[in-house]
Structures are given as C-alpha cells and as structure tokens.
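First the structure, in the form of structure tokens, and then the observations on it.
Letters A, B, C, D and E mark the chains as written, and numbering starts fresh at 1 in each.
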C-alpha cells in the first residue's frame, strides 16, 4: 500500500491529481498531444482524430454501462443521432460549429432519455437487447424520414469553420477535437467525485437499496442515459465533421459492439479504462495492418488474411481480456503503478 | 458545516397490512416508536419484521394502514423522499456498494441532502465542489472517528470482514442525517465481543446524536439490555409490547419466540435425547 | 376460400414456418441460459458453423445427407464443449455482461476462422430435402419451411417434457442460480455446464443446416441469431415455452408486416413488439422474474 | 521526376461480404497493369497498384485511403463501396489530386457536379435496370414486372427511377418487394410474387441469396416469371453450385464473359495469362484499371499535371474507345458512367452465361 | 477412540487471489460420530477452512497452498467438490445459499443429487417439513421470497436430505429466532446421536455451540490458538469472557455496562 502522506486539507485530498508524479505525467501527456500533429504523417493524424472521437464516445458509454451498470448496445445509434443533427444543421441552418456540436449532444441526450425510459422496469441484458431494438428503430427513421435525412443516400456536409478558420484537414480538426475530448473526459472524471457519480455507481451495484438510501432511481437512470448520450451525440457530431458525410449505414450495429468491447478491454467503470480501451481498440487493427505488411513477403495471400485475422483478433482480444484480466487494461496500469510505488521495497 | 444532529422523530404505525399474493405478511400492525428511544422489533422468523422495515422505508407499499412520522402521514411518499425526511436504515443482508470505497459508501448516504446538479458536477464547480469538501470534512470528523473506522476508509468494502461491513452500513446510515434509524439485525453473525462493540455504538448514537432507533434483532441478550421498548410480532401481528422485562416474561412471547433462552437448559435437553437414543 | 383469405392463410403459415426456425434457434439460447445464465451470442456463429460443417461434409467429402447432418450437429456440440471448457468455465462468477461480451468476442473469432477456412463467398448447400411442393388444400407451403416446422414440433416439446419431468432440469436451474451451492448439493456443475453448452450448440448447428438449406450459407449468416435473440427476449430468456411461442408470434408478425406493410417494416415491427413486450413484462412473456429483496 | 512510377491506390474488399469480388478485382487490376507495364507503362513511367484489404467496411476503407496516400503520391484510386465513395468524396474534392472509380455503381455517383473526381466503369444501377427494361419492352411489350430489392442503400438505389422508366416503356410495375438485408427465408415474399404473377421479377441489391430460394419456390408453384438481376449477381461461378434451379436466370452485364467466343483481343490476352475462368469482378477491375490509366495517359500526353481536374477532363475525352472487346461496343465517357450493357442468360447445363440480346445503350 | 478420524486437516495454508494469505498452518480433526465446533472472531478464516475442506475454494479464487486434508482417510485434493458430496461430506454454506429461483421443494430435490452412487434410500421430504413446518406451508413458493430465517431452515433441510456422514455447518444459527436456534441445535444433536453423523460446526453463538459439541477449536487470524473438550474450553477464563460474555465467574455482563476499553486476549499476546 502507498504510504500515506499528510494532506494539506480535505479539498486537496478530494482533488483529481493528488501527487506531483501525477501532475508530471499529465504534463508529459499534454506536451505529447501538442507535439503530435507536427510529428505525425497524414495517416497517423487521421488515426489520432479518430481516436479522439472514439475516446469521447467510449467515455460516454462508460458512464452509462461501466458506472451505472445499464448495458447499452445503442451507442452507434446515439452517435448517428448526433451526426445527423450536425449534418442537418450544417446543411439547412448554417449555425456555427460549436453550437452544432452542443445541439447534437442535447438532441441525442433527449433521444437517450427516451430510449432509457424502459430502464426502470427492464434490467440487465433484457435492457441491452431493448437498446438494440431502439437502435434498429432509429435506423429505420434515418432511412425513411427522407425529407430530413435524405434517406439511404444520406447527407454530405460542407467543412465546418471554427471562428473563421475552415476545418478541412485532419490537422485542423485535431486542434479542435483534442480539447473537446479532453474537456469531456475531465467532465466525466469530475462527475465521479460528486454525489451524482456516486449515485450512478450505487445504482450499478444494487439499485433497490440505492433507492431506499435516497436516490430516485428513474431520475438517475435517465440522467445517466442523458449524459452518456450527450457524449455520444457530441462524438457523433465530431464524426460527421470528420468524414463529412452521414448515411444510415455510417453507424452499423457492430460499432456499438466495438464501443462496448473498448470499455471492457479498457476497464469498465474507470475513466482511464474508457480512454485506453478506445485507444487500444482503434489502434490494434491498424497495427495488425503493419504486421501483415511485414509478413506479406513470407506469407502468401497475406493481404486477404488481414481482414479475417483482424476479425479473429478483435474477438480474441475481448475474450482474452475478459478471461485473463476481467478488470481490463486500467487494472494492469494500476498494477504497474503500484509496483513502481513499492518498487524500492519489493523485489 | 458541522451541523448539529437533526432532531429525533417519532414514528407511528397504524393498522398496517401487507400481503404478497395470498400470503399475509403483516396484519393490522400498530405500534409507536417514541422520539429518542431504542425500540426493538422482535419475532419468529418470517413474522414480518423485515417486511415492516420495508414498509417503513418505502420499499414495500402496504395495502392498508398509515405510517406517521412526527404526526405527518408519509405513507404515500416514495422511498427517496422518506430518506430525505430522515429515515435511514441498514439491511439484513448487507447492502453495501461493492464497487466503492468505505468513504464513498458513507458519502453516498448524504445524497438526498445535497443539491448540486449535473452541470456543476461535470465542472466540479460551485455548489458541487463546496458540498463535497464540506461533506468530506464532516464525515471525517463526526462519523469515521466515532465508529473507529479510520484505518479502512480508503478500502473497497468488498474485502472487509463481515463485522466491519456492518459498521460501515451504520456509518452510511448516520451520514443520511437520520431522524430515525432502522437497524435490521445489526449484530447477526457477530460474536460476543463484536456484539459488545456494536451495542456500544448504538447506545452512543442514541445518547450523543439523540436519534430514534428501531431495531430488529434476534440476539436477546442485547435486545433486552439496550432497548427501552420492545414490540413482538408473530405471523404478522403484534402479540405483545412493552418494557423488555415485561415482554420477556410474557408467556406467549416465550412460547412463540424466546424458548428457554438458557444454554444450560438446552444442554440438558440434548443430553436427554442422547440418553434416549 | 376467397383469394384474399387464401393469401392471408398462406402468408400466416409461411410466417409460422419461419417462426419455427426462430424457435429452434431460440431454444439454443434458452438451453444455455437456463443452466449458465449466459446469453450466448455466439449461438449465431455456431449456427453458421453448423451450415458450413454440413457443407464441408456433404459437398466437400460428398457424404450423404443422413451422415452429414448428424456430423454437423455433433460438430456443433463439440465446438460447444470446447468453448465451454476453454473460455466459459474460467469466467464462472463474472458478471453477466462480461460473459455476454465473451460470447460476442467468440462469435467474432468464429466468423474470422470460418472466413479463413472457407472464404467469404456465399455458397449454396447441396439439395437434401424433398422439393415437392406441399399443398394443404389450396394452401401452399414451402417444403423446407414445412420441414422446419416438423423439426420444431418434435424438438421443442421434447425439451418441454425434459424440463418438466427430469430431475436434471432442477440441476440445471440450480447451477444457474448458484454454482457453489449447486456443488455443495452434489450436482456435477462442470458436467451441467458442458451438457448445456453441448446440447445448446448442437441445436444451433442443426438450425444452421435448416437455415442454410433455405437461404444458403455465408460467414455473415449468423445475423439470423439476432432475430432469434429477439424471440428469446420476448418469450423469456429461461423459458422453453417462451422460445416456442415467441418464435411463432414473431414469425407470424414479421410475415404479416412484411406482406401488408412492406419488407422494410419487418424489423421495426419486430423490435417495436420487443419494446412493448418488455414494457409490459420486463422478463419476457414467460421468463422468470428476478427476485429483488432487501 | 518523370521516371517516377504512377501509383494506383486501392481500398479493395478482399474479404467480407464482398470478398468474392475483391479478389477478382485485384487480380484484374494487376493483370492490366502488367500488360501496360510490358508495353512500357504510361509515358515511360511504370504503374503500380498499392492496395489493402478493407473487409468491405467503410471505416477501414477510409483508413486504408489515408495510409496509402500518406505513403505514396497517388492520382488514381480504386474504392470499394458506395459508402466509401461518398465518405471519401469531400476529401477527394479537398485534395483535388486524384480521380477514383470503384466497385460501386450507385446512381448517385453518376453526377459530375457532385462527384467531380469519380466515375463508374460501367452503367450505374438505374441504367442497368433501364437496360433490362429496354430488353423486356422489346421481348414482351406491355409485360408486368415485380421489383425485388433489399432494404439497403445498394438495394434501394434504382427503385424510384425504375418505375418512371418502366411506364415510359409501356411496362407495368405490378408490385414491389423489399426484403430486410438479413432475410434468408423468403416464403412470404414468394407468395406475394405468386399472387402478382408478374412476367418478370427484377432483383437488385443482392449477390446470390435469396435468389435461388425464390426461383426454387417459384418453380414449385409453377410460376412462369422470369428472374433477372444486375451486375453483382451475374457472375456465373456463384450460380454454379445452385444447380438446375438457376437455369434461365437473366441479367444485365456491361462486360464480356471470360468464355465469350466473339472476337476480343483483350480477352484473348487475359485467357493467355489466366487459363482458368475469371469472374466478372476480374473484368471490372481490369477495365477500371484500363480507364484510370487511360485518363492518366491522356493527361500526360497533353503535357498537363496529374490532378483531379485534368484527369477527369481527359477521361471525358474518351470517345468511341475500343476496350479490346471487353465491352462489345466502342465506348464514350461523356459524364461519370458508361451506360451500355447486354442481357445474358444462365445456362445451367453449360454452367455459363449466354448472351440473350445485343448490346444496349441507354445513353441519352 | 481407536478408529481414525473422519476428517483430518493438517497444517493447511490458504491464499486468496494469489495474494491474501488467510490460513497459516491450521490443523484440526473430527472424530467419527462427534460434533466438533470451530469458533473465532470475524475474518479469522473459519468459513475459509470449511471451504477448503469441501474443495470449494477455487470458486472464490482461493487456493490451498500447503498442507493436506483427509476425509475418511482419503486425501480430498483429487476429488471434485460434487464428488466429495456424493461421498458423504455435506457443507451447509455461510449465508444460506439457497436456490432463490427454485421452489422450496425443488431446493430439496436439488439436494438429492448428493445421494448419487451411494445406494441410499431417498428420504421423504416430509421429514424435513416435520422439522420445519413453515417450509411445508411455503413448499411451492420460490425460495428467494422466504424470510431470512426460513431460508436458513431450508439450507439445513437440504443437508438432511443429503444424508451425509460428515456435515460442515457454517453458522447455522445466523438470523434464527432464539426458539428456533434451540430447536435446530436440538435437531442437530439428535441427528448426530441418532444417525452418528459427524459434524464440524462453525458458530458465533458459542453458548449453543458448546451445548452440542464434544470438542472445540478456537482460531484467530488463520491459526488454531486453543482447543480441547468443550467442558475444558468452557472453563477457560478468556473463552468465558470473549465468547460467552461472562464477567468473572458469575452471570452475564450487561451490554449497557460495557466499558470503553478492551482487554487483550491472552492468546494474542
């Protein structure tokens, strides 16, 4: 165990970053994020933007599923709502970038609350399947509400402008996405040091006793749905600005599985878990790409092997983590941290 | 912040009936718990004690009857609203939140009395920040020290021994700013020594905080020693109530619930069976 | 019979027929859930595998159908046993969602492996069923659908009886509720687990053959499992009767919606029903309510 | 700089639901590039295909695009799906450095104003169905038609225009069947078909399933309906193991089949390089590579820089161009597509598609 | 006694999650036909000991890292948990552990699996209902809805159905009314005397445990610190004070007069 240090006050004891080492790591991370766009080539910059979007979305899902215990397989549909909101606003109204993103978050939050309504009665995996149902219904709306969504062919967007600067390249987008995602992650971290976050966790652990302890269940479950879908909506909005086209098939069901897998691999119910999970799950398929490239001189048909191998690896990662490290990567990181804290005293 | 404890409340149950399908768990139960007293609710297994607690805390809706708190009818209120009014309880099967530390479990108790909203929480700003820091300070000073759980405050509750878990449950209930404390079998599964500790805490809560306490317990030694008033349920009905000494002497209570209450007698009986065999 | 009525009858019958196929697949979910409290999403992929195993045996090795079918079903069972032993048993005691996700991952692995082995082209199974059209009076019934109905009519009641009169049914449910306690009652917990997975996966593989005969096989055919999952949720995760009735209801509704509203309404209608059903009965029509007590 | 190679980028679906096509596409492109390089490449510059598998997933295709473009300077690109074509379009416009064609024949892409840097190496889906309709109108004037489409973007693509076109040709659309993309059991749909008893059923948005089951049941029911499909259902190898039931299936095909006997020097070359049957996807890849490089050839010949605008302009100069017999008639590309095709019919005994019509052009 | 003990536990060590050591060289034995009680404060490792004996540790991420356990002279290491049960070792687990989703009757049916392969005649459920009439009333109700005490009765009822030769009882009195505690312990004693079932009994209620047991062990933090025949233990000064709540030699001390200091146990010094 870490040797306790005398704390200045309870407020510093309640702070997010409590030690100098933690501050130092944060500083290093910030520097790396600042330097990245100048060092990365187009492909990696593209991935960096994709990672920020996925981190934002995974963090949102983690709030709902990891912290509140409401398993959702509707994350892709929620992102789609956000993406469509942005697309429609950009196409028909022309409101500014940040406004559109916030509107996407807000509208998705409303949709999230509607989807969450059954959650008071419907629990566990039954609820998960209900969210699948909701996402198929949303998909139906996207396809058939022709006048708004332009049906199956979807909507193409003009690039956004941010205070006059056009956000056309990934380099530009990076500078906008990273701060947005950082703020979202910070918000989530904050949430879980207040009464609202605690209420969520209590609901996850045992909802009926939470109710007797003064937590109105429906209100908090819906709040969790709202916050989580707010995150998903914003992530979806960023997605729309990133790819600049939104179709009903932009957010297939497998995307929902992807995000669930990301938080599980990362670690459910820890902020860090959502982040590392999203980064990891986004990058592993790409790393496989390089692996296959190296292997291709030696393995015939390496190119055709890539996708099935990726499918296998995607599945195997989920299975592997759950079987061998059910707490996810966050737990591994914690263990490494503990090891270094104890390091001089242990072999 | 360091608020003074809230004033103790008086609970009155009038004509409460509760049934599950055909099973009548409670039938026309009436009793009162005086402000600032320790009242024990005892009775055979399945008599309806926990069901009674569930009705009082708002988890079950009784089919008939009223629950009055300081004269106000609270029967129609939902559980969270009652928690806010000052109903705090512990559970027969420990219901701590295993994903949280001891400290967070205790903090959770205060939920209903805090005001910060989601926006403030996301920003950890304004009311959210102030409330959290004040709450931490109060819990440290008034609850953690009081229940002697300093050493475990950052531990996850899941790994604690049973006795300490029960204590953390009590701590959480105290954080709820209780005006009445409902304790469901607070010393079940504890040995003599631990029971003594718990008894001491319960007495201290009553004396220092002045909180009303209603307790279900099968440990007659403790019940008779520390309670001011005892209510006996059997088959969902009140069969006796009064001072501990009165109840203990009531033949119906002895027959339905207490038995000989004497290990020596038990030993004798056992030895008789042995000889018979 | 008037033309309109005839058409309606035919559509309903066809719907009930595909419902029967759903029921059989749903049964695979139910069997595994009943004993292990796991929603095994990999049922979808086992189903696909069943189709491919049959394909490999019948088309690859040229075996006759009456050998290829049992082989594929046994193959499904073996995969079930391996999966149970390899990844499900180590997950004992983990949360339902974790195990659920394990099966999702497994599904992905199986799809990938199938793609590596057989490629991604869609294939057609060799004909092994009679192709003579069936007419009940004037009412036409596709022979394959009729066979699916017949299989369901045998298999589902069999399991119903088994669970009602066989002591092992209690063992299954006891194991699902509390493994440690089941052990302490002398129940062979690993045995129960294996048995449930073997039978469940074999059932799924069998359904895969039927499905493949109708629609051909491809690594992506497992999506059918999702429809079956809807059935299970509507019927109740742990109810054999629920699988049967849920399957028939969903099959019927899909057919009617598809015919009278249009094909694009099939899925929404199903999912709409799902949500309404859950709002009314949160644990499905026949599912066991979870006990919530303080 | 002049001797620098010319790289064709490719997001190719070697696996996934479209894998059967991707493998052929890749082979076809490689073969054409080989032929081209043996002839000296383009303006003395060698051509190379730099590609990766996408599994037919849009996000992967985009990642591949970004990866390939950050590795090489790319002016020609092969994309694998409608979703990708649309998703990458803004980026193509922004870069303005390349033109792209691909596996999608989506009607929407056939719009030079909206997709200035893309084209289709064949007719778009609406044009394909129009070719079928022309054929029907000639074979059986006033025929009744049932449209069967999958409930996907791919499947829904031509529906609206088809109806207009049919009525213009005096044909009657007696019904529409939309099947969920995952449907395997189509019994109820067959019943609908039986009730309408159309002369023709045009399927679009499928590769194989659920066509065989439809045809099977229709045969059992004694329906006379003729079944038709569009390009991606037309490869003879996918029909090979369906057997007898497949006999008589018809569809529109913009290219010659590998085993066609009419004179075609390019097919001879292909047959020389590949003694085994090559799929229609192969031809598609082959021809796409031909057109992409032709555009580059013409651009360089005009002494212009390789960029989207110049390449596309050069492509549009293609007029009465001989594809070496891959397409049975000389082609022109005034816009984004090549609206010609021919009806072929499956002969189960020979396991081959046999021509059932002349080349039909629906160019306005 | 000359016969070998039915249960022998030799110097076992148990570690949870590969990190937390809970038992440190614990030994005990149960003579055939005797009732032995194991007492100790919360978290001492009593339940862990029982789980080690019934081979259920692995389910909780625990492992036996040293020592051995013999049941009927045979090492249990190679026997599966359900195999042990079918050989006659039945563990009534802490915290009731009834099958909530099953009815009362089905719970009893589940216990009949313990009889497999022993050629015993199944016992009519009626006998259980005779011991616990409340269960008869609720036989077709789902066990999860039973009150805490009723569930405990059911757990003991299952043990009766299983007709074991060694019964491990983990806090059978937990949550039972005083009357029922007496009855259950009388029943336990009766079963023991009538059928010769050996028992290892973990209890917090030391008074009743001593009433039925022939021999007792007292454990602290993973080790046995004191053992002996019950009479001897009951006269031990510390046992009297810490487990029986007697001050000096006379009667019970009152909970109201508990002093705010604690005397250390001698065996901890």
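The working rule: contacts are C-beta pairs under 8 Å (C-beta built on N, C-alpha and C of every residue); 3 or more make two chains touch, one makes a residue touch a chain.
Since the structure is predicted, the reported quantities are computational estimates derived from the model, not experimental observations.
> Between chain C and chain E, which partner chains are common?
Common contact partners of chain C and chain E, which must touch each of the two, are B.
> Chains shared as neighbours by chain B and chain C?
A, E
> So which chain is the furthest away from chain E, centre to centre on CA atoms?
For chain E, the chain whose C-alpha mean is farthest off is D.
> Using C-alpha centres only, name the chain that sits farthest from chain B.
D
> Measure off the straight-line distance from the CA centroid of chain B to the CA centroid of chain D, and report it in whole Å.
Whole-Å distance between the two chain centres: 74.
> Indicate the whole-number Å distance between the mean C-alpha point of chain C and the mean C-alpha point of chain D.
Using C-alpha averages as centres, the distance is 37 Å.
> Approximately how many whole Å separate the CA-defined centres of chain A and chain C?
32
> Touching at least two other chains at once: which residues of chain D meet that condition?
In chain D, 15-16, 19, 151 touch at least two other chains.
> Two or more other chains touching the same residue: where does that happen in chain B?
Answer for chain B, listing residues that touch two or more other chains: 50, 59, 91-93, 95.
> Where in chain E do residues touch two or more of the other chains?
As it turns out, chain E has residues touching two or more other chains at 145.
> Could you list each pair of chains that touch, in label order?
Listed by label, chains in contact pair as A-B, A-C, A-D, B-C, B-E, C-D, C-E.
> Can you name the residues of chain C that touch chain B in the complex?
Within the complex, chain C contacts chain B at residues 294.
> Help me check something: in the complex, which residues belonging to chain E touch chain B?
Of all residues in chain E, those touching chain B are 20, 39-43, 95, 134, 138, 141, 145-150, 152-153, 171, 174-183, 185-186, 189-190, 193-194, 204, 206-208, 210-212, 242-245, 252, 254-256, 258, 260, 262.
> Which of the residues in chain C come into contact with chain A in the complex?
Against chain A, the touching part of chain C is residues 39, 87, 90-91, 94, 96-102, 104-113, 115-116, 120, 226, 229-230, 233, 237, 264, 267-268, 271-272, 274-275, 278-279, 282-284, 290, 292-294.
> If you look only at chain B, which of its residues touch chain E in the complex?
Those in contact with chain E are residues 20, 23, 42-47, 50, 92-93, 159, 161-164, 185, 188-196, 199-200, 203, 218, 220-222, 225-226, 256-261, 263, 266-267, 269-270, 273-274, 277.
> Taking the complex as given, what residues does chain E use to touch chain C?
54, 56, 59-60, 80-82, 85-86, 90-93, 97-102, 106-107, 109-116, 142, 144-145, 158, 162
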